[in-house]
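Across the two complexes that follow, chain A remains constant while its partner is chain B and subsequently chain C.
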Partner chain A sequence: MKLHFGNGLLKGMLVTIKQNLRHPTVTQYPEQRLNTSRRIRGQELVWNKTRCTGCATCAKACHQGAIQIVTATNTENNKYEVETYRVDTGYCIQCGICVEACPYDALFMGARYEKAKYRRAELVENKEQMADSLDRPVSGYFHPERAEKLPVQTLLVEKINEDRSKE
Partner chain B sequence: MTELFANPWFHWAFYTVLLISFALGAVMGLIYIERRGMGRMQSRLGPNRTGPFGLLQAVADAVKVLLKEDIVPANADKVVHWLAPIVAFVPVLLIFAVVPFMNGAMLADLNIGILYVFAIGSISSVGIFMAGWSSSNKYSLLGAMRDVASIVSYEIPLVLAIIGVVILAGSLSTNEIVKAQANIPFILLQPLGFIIFFAAACAEINRSPFDLLEADSELVAGFHTEYSGMKFAMFYLVEYAEALAMCAIISTIFLGGWQGPVLPPWLWFLVKTFGMFYVMVWTRTTFPRVRIDQLMALAWKFMLPLALINIVVTAIEVVIWPTPAGLPWVLIIVNFAVAGILIVTWSRLMKYGWGRVETTLR
Partner chain C sequence: MALHTEPFILNIGPVHPSTHGVFRIRATLDGEVIVDIEPVFGYLHRGVEKLAEQRTYTGIIPLTDRMDYITSMSNNLAYVLAVEKLAKVKVPERAEYIRVIMAEMQRICNHLVAAGAFINDCGAFFTPFLYMFREREKLMDLFEMVSGQRLTYNYMRVGGVSQDLPAEFLPALRKFLKEMPAHIAEYERLINDNEIFLARSRMIGILPKELAINCGISGPVARASGVKWDLRKADPYGIYDRFEFDIPTGTVGDANDRYTVRIAEMKQSLRIIEQAVEKIPAGPVISDVPKVLHPPVGEAYGHLEGPKGELGFYLVSDGGIAPYRFHVRPPSLINLTALRQMLIGWKIQDAITIFGSIDITMGEVDR
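What follows is the complex of A and B.
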């Protein structure tokens, strides 16, 4: 028969004091961010201007009809240009079929988050808002060679720096 | 300076201002310690946005709560509702009158200091009952009734646990009790008394695991559900000022108060008080809330008999070894052995159905 004389109380107190002495397992979110998974699909579209030929395969593939693409011939430079490339992200379901359909690897899913907007009109993204840039990381969706190069996912911040003035 | 303090009016004015500012200032500190300490024990950080390391969080909360609208329920007993926070707060401040910060540094060196503390200390439950009654809210009233029940039950082991200390010290004056601990703090001579007193004090000031009157999950917030704004702030203040008062009393009668090497006496007192509060935060974080029948069973079946046995054992020891300072190590070993044996044997009786019912509880 096991003896019980309030030793459960002492065990519990040992657990809490151990938690007290180790590092808290929290992230100070807006300042500290964890790396997302390499396999994340992403919530936005990233469009590469130089690779896009304006073939509109993406627009045809889109189930939602969220992509609008208008092309025109620039007679001065003797070039075929994409005049408008707009996506209504309010309709986009992040299925990634446009990315899979693109024959020239000009369209990617982006891993950026915090995309909430106040008005519906702001959800429509144009060429400039979608353009490929450094602050708009491309996710590894449909491009495993890119996924390998992404940073490894972190689950915990090793050291929490509470004095935010030093950062 | 000494002739200035010899003037009773100056003494009175100085200590009144000091005690009120100490109580209000230290409560801010306690709230910070509690929220941060509890956060760390739960693997969180606690508030750290307001000011450096979140030190100003209590100030921000106080400002917020003071600027809020003061709502009085339509069916409330207005006068009682208005008076309740004051009736609850004043006795808590009065306790600090007999707490020695240094040798003799106290508002009133009463020769019945310890008796005064427990005579005054339980008055604040009248304020809490007034709050519950006047709110015209069934949950508030239930919470207030539970408070009265727990205070009536736990006052007895609380006072009995102290009698052992009083027997050893030979005085009821808090300052004399501290002086009697010059060689050895009474926690070593009265381990059982300390455990009983600590648990009963937690119940007396309604801290978790005995916070049945607030029981957020069943009674919303108990007696202060209908309070808002500054009156709510008063109750919040009472809660922590009571904790501070109890920690100060525990450090005075069990931990040797202002006695200690190297550091100045007032600092020793503060270190012990706040350390004691950290232990309270520790127990609060760890233990789940007890049921009302478990609360009563613990007071009447466990603490009361053990406190009585503790008094008898202490009295016999004092008769056999009239000068405890001569043989402290023998006494310490005997007392710890007695405490251990009593707790283990008595906990056998605290089983389901008084030990007679077979259960498959693990």
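What follows is the complex of A and C.
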């Protein structure tokens, strides 16, 4: 192959100029957000109190040993209850195997992802912090019926073409 | 009067931007020429093989994600193939197709990182790297869509895959397949005849065919040296015997050949994905497998053609819920064995280029 010095340089500069004139595809993160996957495995677990029977299948499936569950009979109303349900999110690696293991659909992956804490002790979440509620969006991981309620994921394949068409 | 000289010892790494992780090269130099090197690794050792002996067969899958974190899907698949061989589990048809699509997407993903980082090592500071990361980002979007995470997918299961593809996956993948050949052409147009890149990479770090075979080197590194060895053809696992594709090989075995083989492999992967997307059947994605697996006493070795080379898992079962022994054949580590012969005699400036052209991930070398 014969080489011409400077050819590559010119070609490269041409591409740079073209790129400079393009519509930016960047998103200003904390203000603007792209939709995450409907199956996002966020940084929390969401636990449904009424569905959980305290069988501890999730705790056995968790290979990180992050889930602690204690069940006992409540002496007041004589009912078998989940006394403690605690997840150390510091140990949790968000693999989702506990959610897959749950036979009663009582455990879900959460969809929230900004969960940084100042202290390690704060990483341990108890029953109240994990309870299924409206401000704790549930991801569709292993629960396709939940996935349909979530917004469609922003895909870069589509976003770039959309942005280009605005030019 | 002769000048008194003595060899100079230079430490490259362990924390160095061009060592792709925490790798240390202890090089003995005579002026600028490398006389001898001693590769030092183990800085990222996490004891994956020992950890796996305490986990259930399903619980090991997230561990394999974290070995070679660039090619998690292939690691999952290789491990799951070994367990399926051990427990004699059948895989549904649709799951086989999904596995092929995922493995080939992962191959493109890895080669984009490998080629980008290699050009970066050759001196094109991060611009081509980000071009390739742009396409990788699209693939990671797709991986996120099916598995819920961008790097540690944990998607394959013994007997199939964890969940079916979402409805919006195949249209998005078709869109990607349509635009990817143009991007590959763009890389070729910008990089392949760039004189600086050619001067830095051509006839550098030559790995002869015989040495590649003797060192047990596999993957694109071996194919660049002219060894036509690809497990997808040589020992077809899954349903690879149904697809039509070529094995690109290099001629000389220099750094440039290793780069061009990777670019050519991306095109072949696109071809395989196109065929798989055409033929994918409907049906279940996972067969009836007990949640806690008790494979019969015995041993099995499952391997596949990973993006970096032959990736194998060797499992010994004693009939319990966890493997008695779990061993990995990591392509990164074994491809690294020829590094000494490849580096000796070259200038220190070429060391990073040659090292970058092998494409290793330290997470897999040290495990």
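One rule holds for everything that comes next: the second predicted complex is superposed on the first by the 119 of 167 C-alpha atoms of A that agree within 3 Å, B and C clash if a C-alpha of one lies under 4 Å from a C-alpha of the other, contacts with A are read in each partner's own complex, and residues count from 1 in each chain.
As a convention for this text, a contact is a pair of C-beta atoms (placed from the backbone, for glycine too) under 8 Å apart; a residue touches a chain by one contact, two chains touch by 3 or more.
If you're wondering where the values come from, they're calculated on a predicted model, not measured in any experiment.
Contact comparison for chain A: of chain B and chain C, C touches the greater number of residues. In the superposition on chain A, A:147 makes contact with chain C only, while chain B stays out of contact range. Contacts of A:38 after superposition on the shared chain: chain C is touched, whereas chain B is not.
Applying the stated contact rule after C-alpha superposition, one finds that A:20 touches chain B and leaves chain C untouched.
By the document's definition of touching, neither partner reaches A:65: not chain B, not chain C.
In the superposed model, A:90 makes contact with neither chain B nor chain C. Using the contact criterion defined above for the overlaid structures, shared-chain residue A:12 touches chain B and also reaches chain C. For the contact definition in use here, the residues of chain A common to its chain B contact set and its chain C contact set are 3-5, 12, 15.
Of all residues in chain C, only 55-56, 58-62, 134, 137-138, 141-142, 144-149, 152, 154, 162-164, 166, 168, 172, 175-176, 179, 189-190, 193-198, 291 touch chain A in the complex they form. Contacts from chain A toward chain B in the complex involve residues 3-6, 9, 12-13, 15-17, 19-20, 22, 24-26, 28, 160, 162-163.
Those residues of chain A lying in contact with chain C across their complex are 1, 3-5, 7-8, 11-12, 15, 36-41, 61, 63, 93-97, 100-101, 109, 139, 141-142, 144, 147, 152-153, 155-158. The touching residues of chain B, counted against chain A in their complex, run 37, 39-45, 48, 52-53, 282-283, 285-287, 343-344, 347-348, 351.
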